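Okay, got some structures for you below.
Next come two complexes built around chain A: one with chain B, the other with chain C.
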Partner chain A sequence: MNKNKIKRSLGERTFTVVNTTLIILVCFTCLFPFIYELAISFSSGAAVMSGKVSLYPIGFQTEAYKKVFQNISMWRSLVFTIVLTVVYTLLSLTLTILCAYPLSRKRLYGGKWIMMLITVTMYFHAGTIPTYLLVYNLGLIDKVWALILPCVLNTFNMIMMRTFFKSVPAELEEAAMIDGCNDFQVLWNVMLPVSKPILATIALFYAVQRWNSFADALYYINEPKLYPLQLKLQQIIQQGQADNMMSDINSQLDVVVPKTVQAASIIFATVPILLVYPKLQKYFVKGAMIGAVKG
Partner chain B sequence: MNTQTKVRHRKKISIRKALSRDWQLYVMLILPIAFYIIFMYGPMYGVIIAFKDYNIFAGIAKSEWVGFDVFREIFKMPEFYRALRNTLTLNLLGLILGFPAPILLAVMLNEVRNSAFKRVSQSILYLPHFLSWVIIGGLATQIFAPQGIINYIIKSFGGGEVQFLSNKPLWIAVYQIVGIWHGMGWNAIIYLAAITGISGDIYEAAELDGCSRVKMIYKITIPSIMPTIVIMLVINLGKIISIAFDPPYVLGNSLVEDVSDVISTFVYRVGLKSADYSTATAVGLFQSIVSTVLIIVSNIVAKALGEEGLW
Partner chain C sequence: MDMKKQVLSAVLAAAFVLPIAGCGTGGKSTGETTTLRVAVFDRGNAPDGMSATENIWTNWINEQFGKPNNIKVEFQGIPRNQEVEKINMMMASRNAPDILLTYDKSVFFNYAKNGGLADLTELVGGTENLKDFMGDRWKYTTYNDKIYGVPTKVISEGQYCSYIRKDWLDKLGLEVPKTTEELYTALKAFKEKDPGNVGDGLVPFLLSATSFSEEYWQQNTLSLVMSFVEPMSEEEWYTIPQIQYPGFKEGVRYLNKLYREGILEQDFALQTNWNQFDENIAAGRAGFYTHNRNYQLTSNGAYAMLLQNDPNAELVAVDPYVNKYGKRPKWRGATGGGYIMIPSFSENIEAAVKYLDWMANNDVGFTLLNGNEDEHYKLENGYPVVIDTEYNNKTKFNNADLALIYNGFDYGSFENNVEAMRIAMPGLGELRADSMIKANSDLYNNPMDDFDQPIESYIKDKAKLDKKFQELMIKSITASESDFDSIYDGLAKEYMTIGGDEVTEERKAVYKKCSEADILPKDNPLINY
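Right, the complex of A and B next:
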């Protein structure tokens, strides 16, 4: 009996060690691309081009960052993306609430029909080109609105909001109605205050989606002044790859090569996300759990 | 007020009464419904150019009808079949290689007893999900480049330079690795949620019976989350023909186009770059129809298996 116990606890200990080691390894693979990127961004061009850099800088330099920081269009892109994200998130959240609240009320005549017509759009997409032609015909090409209007409402988020509104006890609404509140007042004074956590979650869903997407900008925006940060970054990376092929031979002695500038730009674009990540993660996981429960 | 509650409980009321009572709710819906009509149903009208010889100057309505000519044409295009094949190949491999990863990770995380360690590692594991594909593409191309760190490691073990990004089979491997890296942590959440639902009593009983932890994993944990696993598998199979634009676009390059050009990138190239709107719309429509059918079927299957499904 006693022998058996020792044997088992030894097995348990091995299990824990192996399990923990594996998780640490996986975590490391999640982090190491950034460590590597940081190392490259601070390394000399010669070291990078000869493939000598691993997890720490070789031939330390900060010229690559100077180049990125001195690039006015990079800052303009950053500011533009921040403003775009804020405006988009506010509009999206407003529309999501305005759509979800009436549809969460059972007394709404025709609510089921409206809901069905909305659900259809989740299953059938017209496709990239018809949407592009619509944006084109509305005269939105090279306009900020092209990055806001076509995606201003997300049906998944709307349904999540609606499910939450449905779960709010009906007594709250009835009590407010007795006090003489109209529907707008009920929404504003009763529903929204109790929905703060889910509002934060959905707002962050929208914000991250806007911050990270670049395909719509690639389709609809030709004017460099309206490039969101991701598209700007994509161009730097593509340009860098083209330059790399040409500078392979003669840039061995340069301090800064396209690769280091690329790396510095990637770090520049990643830092804003990392700054808000702890908060972001908390609310996102909450949202994912709601989604999981919903199936 | 009393009459109002009464009205609410009555099932059928006239439209006029509903409008006069709930007009504010309808006012709220004006903007959202306008959005759905313009930006969701509007493009569905544009789909008709798949049956027309679209001329951007004549517009959608005045372009000439050509029936199924465009479809006949795309079904003769080798590039269309290549895009279709690549979409299915990348998605299927993603399913085979990428699907088990989050399940394994969730089970492993569940076995962690130290809650601080668990919290920190979860935070790190979710990080890739929050990055844009542009950043991920940039990271991946640097890491797998000839001068990148993977080649650094290979060379330090005495190996030769490996062209990960220009060799076709290796590119597919890189695509899969990046995909797993991106989704593994985040997709584990749903399984972790399912595991949380397992009663602790079962584990305690098993422990009293002298069950080892590894045995508990495949006798208790895995069978308990099996319904979730099956549902996720069915849902993913429903998406087998849909592929996002960003990952293949940011990872692909002209040298591996043969294996990296998928439907979404094909539509972009033919439609927006070469302005062959009708062809690209027809390809998009083909994909939409197939994927809608697949999603509906997979939902029916998911429902039949006793879960809620998507609707």
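Right, the complex of A and C next:
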């Protein structure tokens, strides 16, 4: 045993053991749904339906994935969702910056009032049907814009960014102005370069939000070509739950999607965001810290 | 500095103005042709290159119906499981298609009551096929003497059927049970002798609490309990809630006995969906169950999985619940089937009725449902037999949904329809046809379905009453023998005070009206006429 090592007391060691066990258990609880779906997606239909599958596949097969991969509409949805997420994130980020920066400066005339008006929207919503009516009357039904504009600026994200901007010393700004910068130049040349962490965080917030939401697509989109992946997924899963209303005779036909294919679809839709997430995770942590520090 | 402030404001203004650039109303071009918008369920099962709204058959409809009538039929997909949300949303915004379909009765009556639906009485009266096609089914979409929608034509109305493991019976040398007593003997033997060598997980009689719903959706128990109900007077049948029917309590007591003897599923109260139920069938742990006719009898349903797990397994349809009078009463199911609605703000009400009228033509219906001869089916004794299921799934995947007014095709008589069912599906056809026969004996309706108006107090308190009903069933079935009466009576009393009494009063008034107008059917096996 290394002599230099500080000997730890029994209490400390017990703590470490108990702590590690607990953390592993918690981790497992979070991972279990993924493992479970993964196991199901590789198991035989009979084994799944009999409730035999939990941690590892039984009756190994890859038919379910073949079905998902061969489904062109899944790929189309995937590509569409990626494009949608990128466009949405860029647009949202731009607008959030344009809104947050002026509101972070004391020089803005009436800034407090504008801020208050904006904050109100964080607590009071118009409700589903009025929102739908608005979107409808703007002529956005069945348009990609219906998935972008109604949620293009998230008040909470904007406030977080404003808080960060506020924490940037006013002296920096003043120095730039003395050098002859106008507000746009200050924003572009001074503020944005020092705000990279918050930009990354907010971008990630927007991207994940867009990737995971399907309710707006459900309401505003009737055209199957514009179905984002999550709506497509939701449709597949719901279809798997046999309709018990027998009066809907069609639900008795073979339209029910087997559980294995459902699981394979879930994995298909989850993997892209899983691949991106770990790389950006550190910003998430930072983002939470930024929100916590009062500017 | 003033200048600076203005620029700053401009930055902020940009945040608000930019999004508006994305908006812009796309003008709709209106030509000579009428555009009829029809909702169709999107079940997410469209093959590549097609969608629920644009495929071979939507083109066919436009070719056959659209062109001659100068109408362009445009389909709008509605995700099957969000049907109600989506319909409400579109109705509220007055942006609904001209033709909508729902299976939710309350949605239909709600809109009929509130003036959301077009009055079709006159238009329907003038139709060539549609009026006669539905026959007396129009009563299901009539509200205050006016027709506010089109029902769907349900071919087999009987809702429930029971299934038993024939291979287990054979092992024990028992006959297929024909009475409740024989069923009891068989289940007892399943429990004691375990002919399938299941061991611990054995469930002789499957049950899930999911099935306890006040409005007659009691897939697992209703047929059994109703075989204990004594025939009563017409007024009683139409006015009192089912838990007060003479004999209903005895039926529940019987379930209680099965539960205490370990014959009934012991964990049923914990189950809030059908997963466990299906698992028990597929894994071969279940001996017997009652459920919707054809429940899980599809090519990838629980029965198919059971056969994969155990090729020797065999389920047969049985009809054991018989009452003292030799009757086997069964629920007729949701009698109206679906409800086809035409919004009152639609500009194409006439074209919409015309479309449905066209569909009511038998040849149109037959082709739409079955496809083309020698391509999708071949005829055998005059009934279509599917040639290649895979091919059909690719080329006519949502025809049953497009054929709005059909809920199965009518071959002229019940016997013919059974025969068509038997032939249509190699493999499962026999069992499905048998289920159809067994499910359709001595049918009765949900009493409130026979009225020509909804019971308002019932709609109002439905959720509350439903919950109380569930509580009553679960607590009574799991009670000890000595507590059974006090638990059942206590909860039945609570049921009456939280809304049951009010509903009864309203039903009395409506019954009186309907009885005087002589619109109640006279073929109910549970009424002493």
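Everything that follows uses one rule, which is that the second predicted complex is superposed on the first by the 266 of 295 C-alpha atoms of A that agree within 3 Å, B and C clash if a C-alpha of one lies under 4 Å from a C-alpha of the other, contacts with A are read in each partner's own complex, and residues count from 1 in each chain.
Definition applied: a contact is a pair of C-beta atoms (placed from the backbone, for glycine too) under 8 Å apart; a residue touches a chain by one contact, two chains touch by 3 or more.
Only a predicted model underlies this, so the values are computations on that prediction, with no experimental measurement involved.
Aligning the two structures on chain A places chain B and chain C in a clash.
With both structures placed on the common chain, the touch criterion links A:Thr16 to chain B but leaves chain C unconnected. Once the two complexes are overlaid on the shared chain, A:Phe124 sits against chain B while remaining clear of chain C. Of the two partner chains, neither chain B nor chain C is touched by A:Leu226. Of the two partner chains placed by the overlay, neither chain B nor chain C lies in contact with A:Leu204.
Touch counts on chain A: comparing chain C and chain B, the chain ahead is B. Of the two partner chains placed around the shared chain by superposition, chain B and chain C are both touched by A:Cys99. By the touch criterion defined above, A:Leu133 lies against chain B and chain C together after alignment on the C-alpha atoms of chain A.
By the touch criterion stated above, A:Val190 is placed in contact with neither chain B nor chain C.
In the superposition on chain A, contact of A:Ile24 is made with chain B only, not with chain C.
Judged by the touch definition given at the top, the superposed model places A:Glu37 against chain B, while chain C stays out of reach. Once both structures are laid onto chain A, the chain C stretch out of 3-11, 219-227, 237-245 or 471-479 that overlaps chain B is 3-11. With the contact threshold set out at the top, residues 49-52, 95, 98-99, 101-103, 105, 107-109, 114, 128-129, 132-133, 137, 149, 152-153, 177, 182-184, 187, 218-219, 231, 234, 241 of chain A are in contact with chain B in one structure and with chain C in the other.
Across the interface of their complex, chain B is touched by residues 4, 8, 11-12, 15-16, 19-20, 22-24, 26-27, 29-31, 33-34, 36-37, 40, 48-55, 95, 98-99, 101-103, 105, 107-110, 114, 117-119, 121-134, 137, 149-150, 152-153, 158, 174, 177-178, 182-184, 187, 208, 211-215, 218-219, 230-231, 233-234, 237, 241, 259, 262-263, 265-266, 269-270, 273, 277-278, 280-281, 284-285, 288-289, 291-295 of chain A. On chain B, the positions that touch chain A within their shared complex are 1, 4-5, 8, 13, 15, 18-19, 21-22, 24-26, 28-29, 31-33, 35-36, 38-47, 49, 59-60, 105, 108-109, 111-113, 117, 121, 123-128, 130-135, 137-143, 146-149, 151-153, 155, 181, 184-186, 189-190, 193-194, 210, 212-214, 231, 245-246, 249-250, 253, 264, 267-268, 271-272, 277, 280-281, 284-285, 287-288, 292, 295-296, 302, 307-311.
The residues of chain C lying in touch with chain A in their complex are 4-5, 7-9, 11-12, 14-16, 18-19, 22-26, 41-46, 48-49, 51-53, 76-82, 85-86, 88-89, 92-93, 95, 103, 152, 154, 159, 217, 219, 273-276, 278-279, 282-284, 292-302, 305, 308-309, 333-334, 336-338, 389, 393, 397, 400-401, 407-408.
Chain A contributes residues 44-46, 49-52, 71-73, 94-96, 98-99, 101-103, 105, 107-109, 114, 128-129, 132-133, 136-141, 143, 145, 148-149, 152-153, 177, 182-184, 187, 218-219, 222-225, 231-232, 234-236, 238-239, 241-258 to its touches with chain C in the complex.
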